[in-house]
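Just below sit the structures, each encoded as structure tokens.
Shared chain: chain A. Partners: chain B in the first complex, chain C in the second.
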Partner chain A sequence: MNLSKSARWGLTAITGIVLVFIYFPLLVVLINSFNASKVFSWPPTSWTTQWWSKAATNEGVRSALLTSVKAGIGATLIAIVLGSMVAFAVARYDFFGRDSISFLVILPIALPGIITGIALNASFSTVLVPLGISFGLFTVILGHATFCIVVVFNNVVARLRRTGSSLEEAAMDLGAGPFQTFRDVTFPAVRSALVAGALLAFALSFDEIVVTSFTAGPGVETLPQWIFNNLFRPNQGPIINAVAAALLIAFIAPVYLAMRMSDGPSRVVQVGAEP
Partner chain B sequence: MSALATEPMTSPPSGGSSSGSAFLYRHPRLRLTGLLTAPMLWLGVLYLGSLAIMLVAAFWSTDEFTGQLIKQPTLKNFHTLLTGQVYWVVALRTLGIAVAVTVIDMILAVPIAFTAAKVVKSRGLRYALVIAVTMPLWAGYLVKGYAMETMFINNGVIDWMLAPLGLKGPGLGIPATIFSLAYLWLPYMILPIYAGLERLPDSLIEASSDLGASAGKTFRGVILPMIVPSLIAGSIFTFSLTLGDYIMVKIVGGTTQMFANIIYDNVGVANNLPLAAAAAVFPITVIVIYLLAVRRSGALDNL
Partner chain C sequence: MGDESAANARDGVAVRLRGLRKTFGEVVAVDSVDLDIADGEFLTLLGPSGSGKTTVLRMIAGFELPTAGLIELDGTDVSTLPPFQRDVNTVFQDYALFPHLTVQENVEYGLKVKGVGKQDRRTRATQALASVQLEGYGNRKPNEMSGGQRQRVALARALVNRPKVLLLDEPLGALDLKLREQMQVELKAIQRDVGITFIFVTHDQEEALTMSDRIAVFNAGRIEQVGSPADVYERPSTEFVAGFVGTSNLLRDETARKVLGAQGVYSIRPEKISIAEPAAEPAMHEHHVDGTVAEVIYVGDATRYVVDIDPGGRLVALSQNATASSSQVLEKRGERVRLIWDRAYEYKVHD
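On to the complex of A and B.
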């Protein structure tokens, strides 16, 4: 598009400023994780790697990390199955109420997390607890899966719409049944979208704190909860900073990969990562 | 459940497929039912059922001494909320913060989205720019919360940057909360605007300038009206997320309370689930009214 030179310059400058605005605070966290000071101080005057090693050996951090990984894997597996089932139904069939179903899938993430959290808390304590199922990791997984479904759904439904159904029809015309068509034609076409959805669902679950705090039982602490619970305790600052810096680095590769594998980055986050 | 759109017009599969497969082939509705049953049990029963229980619980109460739930319908919770002045103050403050966050994000998002969609010529660079604004979404809510704390805290990074000018940052409080929430939700605003601008043909903008409109006039007269649905789509996120947030305000808000803190504290500290459920009706109502109001704009297709 033709723009005047000054307009082009102005826009590039604003874009640069906004990018600095986005990344500067994260960079501060990274730099400050090597700050030798025991209390928060900026700018750093001396350097150390001891907070990283202390964070890596911290009992609370390790058990919280394990809990988060378990919850993430559980929620992601459920989301893969349910999300792709709805995606197939919505993309390949025309039926009454189809739009309502798309809406229903998006709802758990369109409503604030606190609403989903409190609703699940209310229903678990009135239905599950009397049945003898108490709040714990299981209820966290139930909660996380509810809002992870949409991420898998979004990725798979976009891929199914893009690829169309002509290849599947061709396979069936040539005599393949539904199972064989799925195995040899449909699944290979959606595989990378499914992987992208799964990675993002895991990332979403791993980062979640609001629904978690309403559905976790006593003794169940995910990594975000550990950070939050320690944020207001004295002397924990440097370790939190190191954990935060580690999370920043750990997230880059899988999320970048997920974006490359899905149908364009804007698609991935149309319904993005609500905390 | 009715007709199927994409059914191939062929005879059923013959050689090589199992009888179950052939049976499914002949019964597309059965396939559809098979696909939808489990997800609908989850989302329709577990999730919507939970929302329904929450709305019912809003009419319950708790025993003041034992803390036990009393499952008899009462309007007590709504009476408490509607007559308590503090609830009105916090509700209005929260709405004000949500509006401020939304406006800030719009102002920041439009130029960067426009640059990505229309100014950058190379496809690779455009893709890199979109990824660059998207990546922080997944950087971790609390990591970003912690980052904001280091910026705004007393003698933090902002104070350090302003010191040479003889100035001091705003410290922890409402401005820090607004800025931090705007920081968190910015990608949600950029992406729908980017998607909207990508669909806007360059020729419209060129026609406008060929006909003598200034850049400002082209923006107001051509571009802005075309991206209104995108702006609304973005604002649904910024608004809804702000109404539900109680964590960021705890980290950078000092003693400030937002509406979600009322909900959270009643579930946790006060152990009054019914009052919390009744309070949750406020953000739900605001968001539903907002969704209904913007439905005609086509913004929901941009979500």
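On to the complex of A and C.
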């Protein structure tokens, strides 16, 4: 597209402002995690790594982190299995109600968390609790799985639609049965989309707080919940800052990888181009 | 295999289609197709898009199951067998090369699935790649190759299995004209060498005429005519065939009566009609009609004249530019002319 000089300058400026707006607060968190002042006096006058070491040895942080990782892995596993199964059904077979199923699977990610939370809380109380399964990590995993399925489904279904079914037909044409075709051709084709979906699913689960509050039992506290519960306690501020900064760094790599591997708009050019 | 099937195998029929029919919901894609394809034959399914030719090919491959009818391969009924239990291989329109495998691994895949040993596999794949002039390309990935090269890999991947029948679904459609013409000649040569039955789908009538032993012309899910390229071109049995294979040049009803003195619909190929001065005398064995040149289309080696003929209607005459220059032929527009042709080249078609 051909833009005039002033238009290009204006767009550059707006892009810059938006990026600063998004990333400046994150930068503040990162800098403050090394700020020696407990009340975050600005600009920082002296530096320390004590908040990082305190956060690393804090018992509450450690157990909350473990809970979050467990919940994230559990929800992601469920999402991988169910999300990719639905994706295969929708992308490869024609059946009554296919479009409705597509829509219903995607819906949970758009629903406000508070609605999902209330609904799950009510149904767990009426269905699971009488069966002897009480609120705890398991119910958190089920709650997170409802929206984690969506990202796996979206990634895999996009890949399946883009690759079409002719590769599978070619494998069968060359003598491969259904299982061998899946192993040799279909799975390699969707593998990176599946990994991308799983990484995003884990990230979604990891920072979730609303649905978690409604589905977690009394003894279960995920990291976001721990942060929220300690935010206004005295002396915890600097530690929370360090935890947030650590999470920020830990999540850059997986999200970048997921973006590279999925079929988002930024990938279309690369996929279509021939070397 | 029973006695009857054994007898079929001996009579040299590679593929036998009987009463083949396929519907998708309300749409009838293929309707009562009967066809025998001989061992070692190069048969082309020719027709416009949506005429059912690709669906027939996909049913022979096993990707679609027929709604009704019979498909026999080498005397055995395979109508309901899945693709991996049929001794046919397909060259796909989009090539369908496995993107995560190298060219060598792509070509070896069929042999690997059938349990052929590693050494043997390697040798045969290398030979197959050599036969399509791709020696030394084995370690590349498909996306590192040009369209024409991928097309050859797809061909090698299918041929290496030595199938009874090779199915080709518009394999040259994505190539540019020069490459396509070159591949047409090569494909024909490869087919002669390996002696495998080729069933080739195309909508390009020139391609069909160039390569085929026989052509089956499809229209609206049915076969309109089966015959050699010369049969189909010179003696089209229906109006559709006359129009689809070559230029539609028809004299019908009132015009036919006035010009030829006969009833019905007649086809005359443009290259059989010569352009003459208005006063030219036709010979005893010739017919003629007068008209005005409406359009002159210069195509380099030849010129097409579209002539509005006096009894009504249009005829196209094609003449080689052996002596005429482009400016000379273009001056003909609007001139009165007499079209003359040998009666032997009038061919009556069915409606």
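As a working rule, the second predicted complex is superposed on the first by the 263 of 275 C-alpha atoms of A that agree within 3 Å, B and C clash if a C-alpha of one lies under 4 Å from a C-alpha of the other, contacts with A are read in each partner's own complex, and residues count from 1 in each chain.
Heads up, the rule we're going with is that contacts are C-beta pairs under 8 Å (C-beta built on N, C-alpha and C of every residue); 3 or more make two chains touch, one makes a residue touch a chain.
Keep in mind that this is a model prediction, so the values were computed, not measured.
Shared-chain residue A:Leu167: touches chain C; no touch with chain B. By the touch criterion defined above, A:Ser53 lies against neither chain B nor chain C after alignment on the C-alpha atoms of chain A. Counted by residues of chain A touched, the larger count belongs to B, out of chain B and chain C. In the superposed model, A:Ala176 makes contact with both chain B and chain C. In the superposition on chain A, A:Ala189 makes contact with chain C only, not with chain B. Residues 169, 172-173, 175-177, 180, 274-275 of chain A touch chain B in one complex and chain C in the other. Those residues of chain A whose C-beta lies close enough to touch chain B in the complex are 1-4, 7-8, 11-12, 14-15, 18-19, 21-23, 25-26, 28-29, 32, 40-43, 78, 81-83, 85-86, 88-89, 92-97, 101, 104-108, 110-116, 118-127, 142, 145-146, 149, 165, 168-169, 172-173, 175-180, 200, 203, 207, 209-210, 214, 224, 227-228, 231, 240-241, 244, 247-248, 251-252, 255-256, 259, 265-266, 268-275. Contact residues of chain B toward chain A in the complex are 1-6, 8, 10, 13-18, 20-22, 24-25, 28, 31-32, 35-36, 38-40, 42-44, 46-51, 53-54, 57, 69, 108, 111-112, 114-116, 118-119, 127, 129-151, 153, 155-157, 160, 183-184, 186-188, 191-192, 194-195, 198, 202, 205-206, 209, 215, 236-237, 240-241, 243-247, 251, 260, 263-264, 267, 273, 276-277, 280, 283-284, 287, 302-303. For chain C in complex with chain A, the residues that touch the partner chain are 61-63, 82-84, 88-90, 92, 94, 96-100, 109-110, 113-114, 143-144, 157-158, 161.
Partner chain C is touched in their complex by these residues of chain A: 164, 166-167, 169-177, 180, 184-185, 188-189, 274-275.
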